[in-house]
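Next come two complexes built around subunit A: one with subunit B, the other with subunit C.
Now for the complex of A and B:
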């Protein structure tokens, strides 16, 4: 490396130049890669953002004749309103079941010494990742049929809750473990009942955890397609996920104005909820959003 | 005491209930196939359809999840690791949005983007318009490629986020030392980055392959077609059980898929524990 003599100075300059060229090339490759990636992810999305505001949308993303008429037409469509309402009911119902059961179960698993607790949790988690909606669709259908909860939103909510609970318990137990048990002990000394302790001490302490579970459940249920698709036969009960599919899978000319507006409106809530949670809790992935 | 009673009893009952349901789930499948003996399983394992379906599902998982999502996610996490500011945030948001938009909307977006083959969509999509006169009907002519690309688009966010967290756990001084010692990027990858994020890589592989293996979105995109070229296992189960009405046969395939899921999960967990 040490430079001695007249020729080595020339060598160093040449090496510097080579280094510069290589750095430049790698920069160009890097930016090219990022630009390509951005295009790859943005282009399919462009249609969803532009078409709802287009007076006569085609399948090509573009905005030539902006309008808000499509939204008015969509809100006048009774099946759109009905399915959005179904989605809201389904999401909130499932959320209530999951949050209530997961809070109780996680509290018990976190505080009480249950023999083989970790094994139970481990097996539950394993089951929830292995027994997925698509692998278990036939058994789930038959079970719901036998229990007479087929064709009801309650049934769909229970099935979805069953799939989400193990992961929810797991996450909440982490939150519970990190809160000190001494608060509860002193409350018990002062004669608080178990439910008072739960309501006034434990739940406020783990509120962020509950919020995470709630939002995660809502987002997952909002997008879930297969379970309602199998369990609900009556079109008036379908949530938006299934309804929008029937708009483009049914015969006849697809109503692009309706599909695009409906799709955008249906997508916005999950994106907003995700952003809110990510900003407030820095919660990036506890997995499962896709399931 | 009451406290423990109440809150012990509840999860205990709940666990028993879950155990019961799972038992019954599998029990129903077993019951249905018992009427005909092991015929359903035999049919599935010897008939060509199931094996074909298993084979293309395997291809789908390997190319779109294990290779596509994992490699692209890792590359993005690596390239963006030291970046701050709007470019990184914009790109990350784009990728994450692709991941969280509900499946039935995303499916239509891709049908439109690549010019769909489903009934009413006979116009030209965005991609063919950009490419100019080539006019390939992607979903008809290259269904497998289209669906693999779709799934890479859909799922890369998870790998990117997970690897991003994994790379942050590597002390920067290691990489600086290696750089000063004259190590190439490839050498740093091989000797520092990959060994140190082995846990992240395996977790990621486990989750994305299970998700992709059980993904039902292909049904929304192609319905298994054209022919049976994209008839992945979940689609095959649905068609057999609900469109053909062969619930027993569908249940038998379901059970096989559950077993495969279990084997894959246990396999990865085994490796994960050994490497730790």
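Now for the complex of A and C:
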């Protein structure tokens, strides 16, 4: 009895040691892999942050000759300033159209008893990817041309808004569905009109939803290239995303000084917005919301 | 100030449910009227139709001398307090109370001033800047009341306003509501599924079942003379004993036992007619030995109710219940004879379920009123 007890204790100790070694090795392998992956994605980031301050940037990330000349050169370039302003106007304009229309449409869809409402919504959502997709570019171009909104920021904002609205309505309707009916009923008994109910009660309650849509619209428009590229011919109208495309010499070599500096500047608003929204509403772009 | 007249009100929902069937109702100006019934009986639908949140299929509603049947909710001069209070979470207490005034286009300063005054009247001093989420259930309920009061309605509509409060708070809130009503004397319609609550707060009440009104009367009338078997079994803390019997030779035959007819009911029944004898467990007595007019039964279970004891009995006529004083519980398994207090007994026709006779004729006397209030405190537990 005692002998077998001792043997099994030894066995257990040996087994424990083997288990520890195995765990350690698998940890080392895992962390090594993670470090490599992180480096792979971190290097371009490092380049993006460092290259604008480099007098003669190459494709190697590093800071050998720090300078602010690149920024000065960029801001002296009028088309750069203009393109950033265009991007801001375009993003804010589209955001205004999307938030206002989505709020009204989502409220109506959330409250009205329309037969086949959910089917309508899903079809809209499906088509939204078509509207701003490359397949529809020719008809959209012709439509914009006939409506005389070609070569205007308004036209681009409307087309972009059209593509974003279905998803925005879909998201916002979910928020509105979750506000209790008794809130609105009590307001109705006090004599509030539907518009007053929307403004006083529903919109304040779905503010996180409105914020999601506003930020998502701005970020999407900020980064959209194809629609403005096709609908705007006048270089003075181009937004930043299209402007970057012109930082090549006639021979096709990239102007790394301009591209890196402009790239950094172009990224900053999106990062700031992410941080602000994260702070105020505590949501991530994936995952849930806290109200 | 206005009374309410409801005529032939029918509500059929799109899915075919008939929530209200030809309901006729008169609610006197300034009264506190309770609509009582089990869930699904149509009481909330009736209230929502009064508010204008549901459109009736047929029938008319008048508030005061105005026909409001087709008016939108906001034009009816009613205020409704919802079961979940429907306080706006993004507004502070003052803005919540002042919301009806905002709709009436009163300026921000004056309306917050009025809200503070109304709130103070309802015991909400010093809470005007808080959000609803920072208040207790009882305080939230008073904010909802204050909001209704601030809108100066002709009629208050309450949809189970106490059901989200715990038992002790509910008693306080009940008294509070009653006092508020006696201060304001605004016509109040109060929906509840709790019969004790309806008996306690209302000066008149209607008992509803499956879209129809089964009885209208004062709480005392409804408690002492339930008009039919439905009301009889619905009203009361402990369910009324409903004992099947036959009229044989001017007496009630219950199994092998014979019980005299309650006074003043002999003319209302025919020889051989099947009837149901109704006797509340509080209105029966237990005797240890055989007595004339007693129903022989056996003690199965006893339950302590605090100041009294509920005794479950088995008899040839089926299960029976009796409430006895706390030190008079008969031993389990013993044989007892249940004696009905005939002066309070009720007699129903077996077939129609309608009241055919009761010892207490007409409006109950002062003595019975005192007796009914004496039984009420236990009602809330």
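General observations
The rule is simple: the second predicted complex is superposed on the first by the 244 of 291 C-alpha atoms of A that agree within 3 Å, B and C clash if a C-alpha of one lies under 4 Å from a C-alpha of the other, contacts with A are read in each partner's own complex, and residues count from 1 in each chain.
To be clear about the criterion, a contact is a pair of C-beta atoms (placed from the backbone, for glycine too) under 8 Å apart; a residue touches a chain by one contact, two chains touch by 3 or more.
Owing to the predicted nature of the structure, the values given are computational and were not obtained by experimental measurement.
Once the two complexes are overlaid on the shared chain, A:89 sits clear of subunit B and of subunit C alike.
Judged by the touch definition given at the top, the superposed model places A:267 against subunit B, while subunit C stays out of reach.
By the touch criterion defined above, A:204 lies against subunit C but remains apart from subunit B after alignment on the C-alpha atoms of chain A.
Of the two partner chains, subunit B is the only one that A:139 touches; subunit C does not reach it. In the superposition on chain A, A:149 contacts neither subunit B nor subunit C. Greater residue coverage of subunit A by touch, when subunit B is weighed against subunit C, goes to B. Touch criterion met: A:196 reaches subunit C, while subunit B stays clear of it. In the superposition on chain A, A:185 contacts subunit C only, with no contact to subunit B.
Note: no residue of subunit A belongs to the subunit B contact set and to the subunit C contact set alike, using the contact criterion stated above. Within the complex formed with subunit C, the residues of subunit A that make contact are 180, 182-183, 185-192, 196, 200-201, 204-205.
Across the complex, subunit B meets subunit A through its residues 2-4, 6-8, 10-11, 14-15, 18, 21-22, 24-26, 28-29, 72, 75-76, 79, 87, 90-91, 94-105, 107-113, 115-116, 118-121, 123-127, 129-130, 153, 155, 158, 161-162, 165, 207, 210-211, 214-217, 220, 223, 233-234, 237-238, 241-242, 247, 250-251, 254, 257-258, 261-262, 265, 269.
Put simply, subunit C touches subunit A in their complex at residues 51-53, 72-76, 78-80, 82-84, 86, 88-90, 99-100, 102-104, 147, 151, 157. Considering their complex, residues 30, 33-34, 37-38, 40-48, 58-61, 101, 104-105, 107-109, 111-112, 114, 120, 124, 126-127, 129-143, 146, 162, 194, 197, 219, 222-223, 225-226, 230, 241-242, 244-245, 248-249, 251-254, 259, 263, 266-267, 270-271, 274, 284-285, 287, 289-291 of subunit A touch subunit B.
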